[in-house]
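Below is one structure, written out as structure tokens, with a few remarks after it.
Labels for the chains are A, B, C and D, by order of writing; each one numbers its residues from 1.
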Amino acid sequence: MLIVMKKNATDHQIQVVVAAVEKKGYTARPIPGGDRVSIGILYNSGSVDAGHFLGFDGVKEVIPVTKPYKLVSREFRQENTQICVGEAVFGNGTMPVIAGPCAVESLDQVLAIAKAVKKAGAKLFRGGAFKPRTSPYSFQGLGQQGLEYLTRVREETGLPVVTEVMDVETFDMVEASADIIQIGTRNMQNFTLLRRAGKAKKPIILKRGMSAMLQEWLMAAEYIMEEGNANVILCERGVRTFVRHSRNTLDLSVVPAVKKESHLPVIVDPSHAAGVRDLVIPLACASAALGADGLMIEVHNHPEEALSDGGQSLYPDQFEQTMKKLTDIRTVIESS
Amino acid sequence: MLIVMKKNATDHQIQVVVAAVEKKGYTARPIPGGDRVSIGILYNSGSVDAGHFLGFDGVKEVIPVTKPYKLVSREFRQENTQICVGEAVFGNGTMPVIAGPCAVESLDQVLAIAKAVKKAGAKLFRGGAFKPRTSPYSFQGLGQQGLEYLTRVREETGLPVVTEVMDVETFDMVEASADIIQIGTRNMQNFTLLRRAGKAKKPIILKRGMSAMLQEWLMAAEYIMEEGNANVILCERGVRTFVRHSRNTLDLSVVPAVKKESHLPVIVDPSHAAGVRDLVIPLACASAALGADGLMIEVHNHPEEALSDGGQSLYPDQFEQTMKKLTDIRTVIESS
Amino acid sequence: MLIVMKKNATDHQIQVVVAAVEKKGYTARPIPGGDRVSIGILYNSGSVDAGHFLGFDGVKEVIPVTKPYKLVSREFRQENTQICVGEAVFGNGTMPVIAGPCAVESLDQVLAIAKAVKKAGAKLFRGGAFKPRTSPYSFQGLGQQGLEYLTRVREETGLPVVTEVMDVETFDMVEASADIIQIGTRNMQNFTLLRRAGKAKKPIILKRGMSAMLQEWLMAAEYIMEEGNANVILCERGVRTFVRHSRNTLDLSVVPAVKKESHLPVIVDPSHAAGVRDLVIPLACASAALGADGLMIEVHNHPEEALSDGGQSLYPDQFEQTMKKLTDIRTVIESS
Amino acid sequence: MLIVMKKNATDHQIQVVVAAVEKKGYTARPIPGGDRVSIGILYNSGSVDAGHFLGFDGVKEVIPVTKPYKLVSREFRQENTQICVGEAVFGNGTMPVIAGPCAVESLDQVLAIAKAVKKAGAKLFRGGAFKPRTSPYSFQGLGQQGLEYLTRVREETGLPVVTEVMDVETFDMVEASADIIQIGTRNMQNFTLLRRAGKAKKPIILKRGMSAMLQEWLMAAEYIMEEGNANVILCERGVRTFVRHSRNTLDLSVVPAVKKESHLPVIVDPSHAAGVRDLVIPLACASAALGADGLMIEVHNHPEEALSDGGQSLYPDQFEQTMKKLTDIRTVIESS
């Protein structure tokens, strides 16, 4: 249930309502909006008596919420959530691009790629220090050293960095180094990790699970928000289907579908969906025209020697040309 | 196998090679290209002696073909196939839009919608006279009368019409009325119907099957081409997945993937993929930016009263605004 | 809607009700049950006044039907439909096995296999004369000659034969030769073919479509029943999923799910689901224990030389051992 | 690569080979078999010189391994792995049944259910103390108290207990209480958790991921084995497909397919696949006939009041009847 306060409700009135909610045994969570505050009621197992709260000073209306998710819902917060990192804003109608290699391999590699993608217009750098790999015998990432290289990237280029966290054990370390923390596809329902992410001070990119339904994905974001971290960016990266011409099937319709249900920004990762370089560029253009709140694209200076996912990484000059196309498409979209 | 003739090969030289192929018990199919002719060899069960044909006058080279499809393959024909209908060209880098209601319901309905979509820039009109319906108790289309209404649409608006054929029995009737004949998702592997379509004098739109892999789809097109009809337009319309936020999952990556494998034009139907109006416009924009060779969009003047698929049909004014957006996106794409 | 007659209702009373239904503009379809007759009302677009019919002599009750399918529904007919062909009964708790090669290749081949499978306990013989093939260049079946060989199989072994029909054009020919007519996966929603099957005098095996939902499959059966052919046997043969260890994913849970919704018998084809010989036997055993109303298993005397699907065909001695296992499992199931 | 020692190879000879492998910079892992020892070579990035090892005393042969997984592979170990817990053996041709409620709710509840399922023939008890739930607002399990109740179950009934672990933080606690530790579907690729499970002294049940391919599942098991825990039981529980008549699609063909590739036991959980009680019993029977190495079935004394997954839980008397059926089927299977 959602208690919507009047525009001119005072802090005191809000505190009184919060106290009343908690006295009933529920959890109250104030949600600041553009021009008024709402108060979400969590953990009510049965129905809550709406009339009870209507009588309080400063209360405008009480809205029953029928969705299984609450904090992520547009019913709770009508304006888009905007998340600012460096020069990038996710959720304000622009489309910041995050670019970089799948894995951090060496300092030279990340610096070279970071300079190239920055020049082409990328607003953030990505690179994996801890890599979830299907096989225990595959390259698992450089770990802490990889994080240090990312710090160097930030120092030398000014680009904020995005990197994946795989577990609670290494979360502090990743949080200290990253500007945005990514939770990967395989961990979308690692609820312990989600709860820890909810306590982080950095924004979270939450990738969609391999076969997650829209509602499950939003529920995973709810776990993070419920712990107090409101800065969640959702990332579509393709779902598993019977199809064999691409590694996963990029489900672009999920982007407008999520935006209808939720106020959170949604970005697209065409690289992991495609799995092959030739498909990445058209899918990036499609995502731009669709209205995605950002893109995440793999770029490698020597894809043929990459330790992970080289086949889907763009060459720096391909990326540069793609950025021009994306900018043009976006200009059209924003003006129409 | 493919025998590539020299640019200046004479008709006589081509005839000699064809005769030699057929003498071996195979079928020869000459494939005119931009500046030279190739000759496909069909029905060779085992390997064919390439050297045998290299010796003929006018033969430039002999290429073994490893794909299971032949006539549809880019190995057989490198240039894009271009299919011209009325003012529309599919396959030349433009993106003609086909628009209209799911089903023909009345003369007034189709005329009103046709005038609206023409004004907005649609190049062809669509409307089903014979409707494949999951339930025998659902509206099955107006049949022959529906075809007559479509003829009236062409007469009054000048728009060529696209309509679906469901069986061999009504094929002649549909072929006489339609400018492009559509074969629907459920019939993608109705091989008897495909063979009949191969004998038609009109272009065919071949929709992708509900769970067809790229190769199966191209093979279905091969059935049509193999009977002699080279004018096949492929249409992606979403595949069936676990997803529930859209009726089907629009698989946009199949468009560039098909274009790599085949010279045939590929268009996109976002309406059937989405199943709900709100998703159609962003998916149409995405398809435009991706480089689709055309779009097929459902438009209805009274969607709430439609006898079929009203919920996914755009209102005429929505369609008009969408067309402006699509034109802008296309201008950017074509110039970049 | 369903009008349930009293046990002792006379033919005259039934006729009066039928006439009254049709006078209202609906279609009445009497459905004989074990000890009473029900009358289904079809083509009522809106709601029908139940009270109107309750007043007639011999009427016990009037039941609104909420499912989109009617004639196939258990609400319409509570007892299992039993379909008798030769010594086999589908739907009475036994599990007749249909066995034979994917395609009829020669008279010697079918006679040899038919004798072997009959000896092992198969009750019907299967073999394709008309083959739907993904590629136009694959073996398409022997056609009419294949049907003649099947007739010889029946004459020499006494086994009824099952063979696939691909189109309306060849339906008469297939119907004349077959004891059961099969409609294949790719034609499950070929509605013209379904309607023709509804006019046939022979039972129909309706295979489930590649990605058909339970309701779509039952609706396809409804098309057949609605035209007057009540002898429909449903056949689960695997659905298309992301899985790669078997050709399709055998969805055994659909068997009890269908039996809850419908009175029609459901058989299982483990061969097409598996795609590899090693998986066929365990899946056949599983189907037997599950309560399937029959099995369809591919057997070939020289699988390595088969013109179609050899890799999934059992050797005759494997089939014989499997039949023993199946019989033992079935004995346990029936007695428990 | 796999080095197969002669039957009469001495411990010393084995040690010499191990030392030689490690000197080369690889990891050697001795794998005791029925009558001989093999030595697996791990972490060789490129090819290893087989000839080098052939010269050592006691070496019979050196086999290159082409599968991406090693320790789980039948190429590494030909005999079935047998895992003994209490009276149950997984992998020796019998089919122990694990039964109990989805979640531990109270001491009374678990004791009542445990006594009922023991009487019916279950060999192990299951019950979740830590529950992974899609929604943060759903019942999350009793946690440590739940584990204590499970300990009471073991003490009072003698049944070993199976319970799920969700993270590394609570692993020690779960390991101390459980006889078998379950890793759930959503954590199948939580690689940090898998590594911790690899250090556990208790057997692990590794449930298949929602859309995991056979190879990914075996790779997840490889993570566990690679850390030193050889007691891994794989559990099929249905995969996500477009189907809506069951919660997941039980993929029974994966059982024989896994057994061909791997020596690990494979059990089936029909309850989570079905999602509805009516489907559980036929799917359990099918699994028994298929040759599953065990079953995991949800049973609840008051399903209608269950805090989690009540709709798919059997009533105790249903379970008892099912156990009789399963025993009969198994008797037939084992004797044939």
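As a working rule, a contact is a pair of C-beta atoms (placed from the backbone, for glycine too) under 8 Å apart; a residue touches a chain by one contact, two chains touch by 3 or more.
Since we're looking at a predicted model, the values are computed, not measured.
Compared on C-beta pairs in contact, A-D and A-C come out with A-D as the pair having more.
Homomeric contact chain A/chain B: same residue numbering on both sides for over half of the interface positions. Here the spacing of chain A and chain C, counted between their Cα centres, is 49 Å. Separation between the centroids of chain A and chain D, computed from CA atoms only, is 34 Å. Of all residues in chain B, those touching 2 or more other chains are 211, 240-242, listed in ascending order. Those residues of chain C whose C-beta lies close enough to touch chain A in the complex are 240-242.
Within the complex formed with chain D, the chain C residues making contact are 211, 213-214, 239, 241-246, 249-257, 260, 273-274, 278-279, 282-283, 285-291, 324-325, 328-329, 331-333, 336. Put simply, chain A touches chain D in their complex at residues 42-43, 68-70, 132-137, 166-169, 186-187, 189-193, 209-211, 215-216, 219, 222-223, 226, 240.
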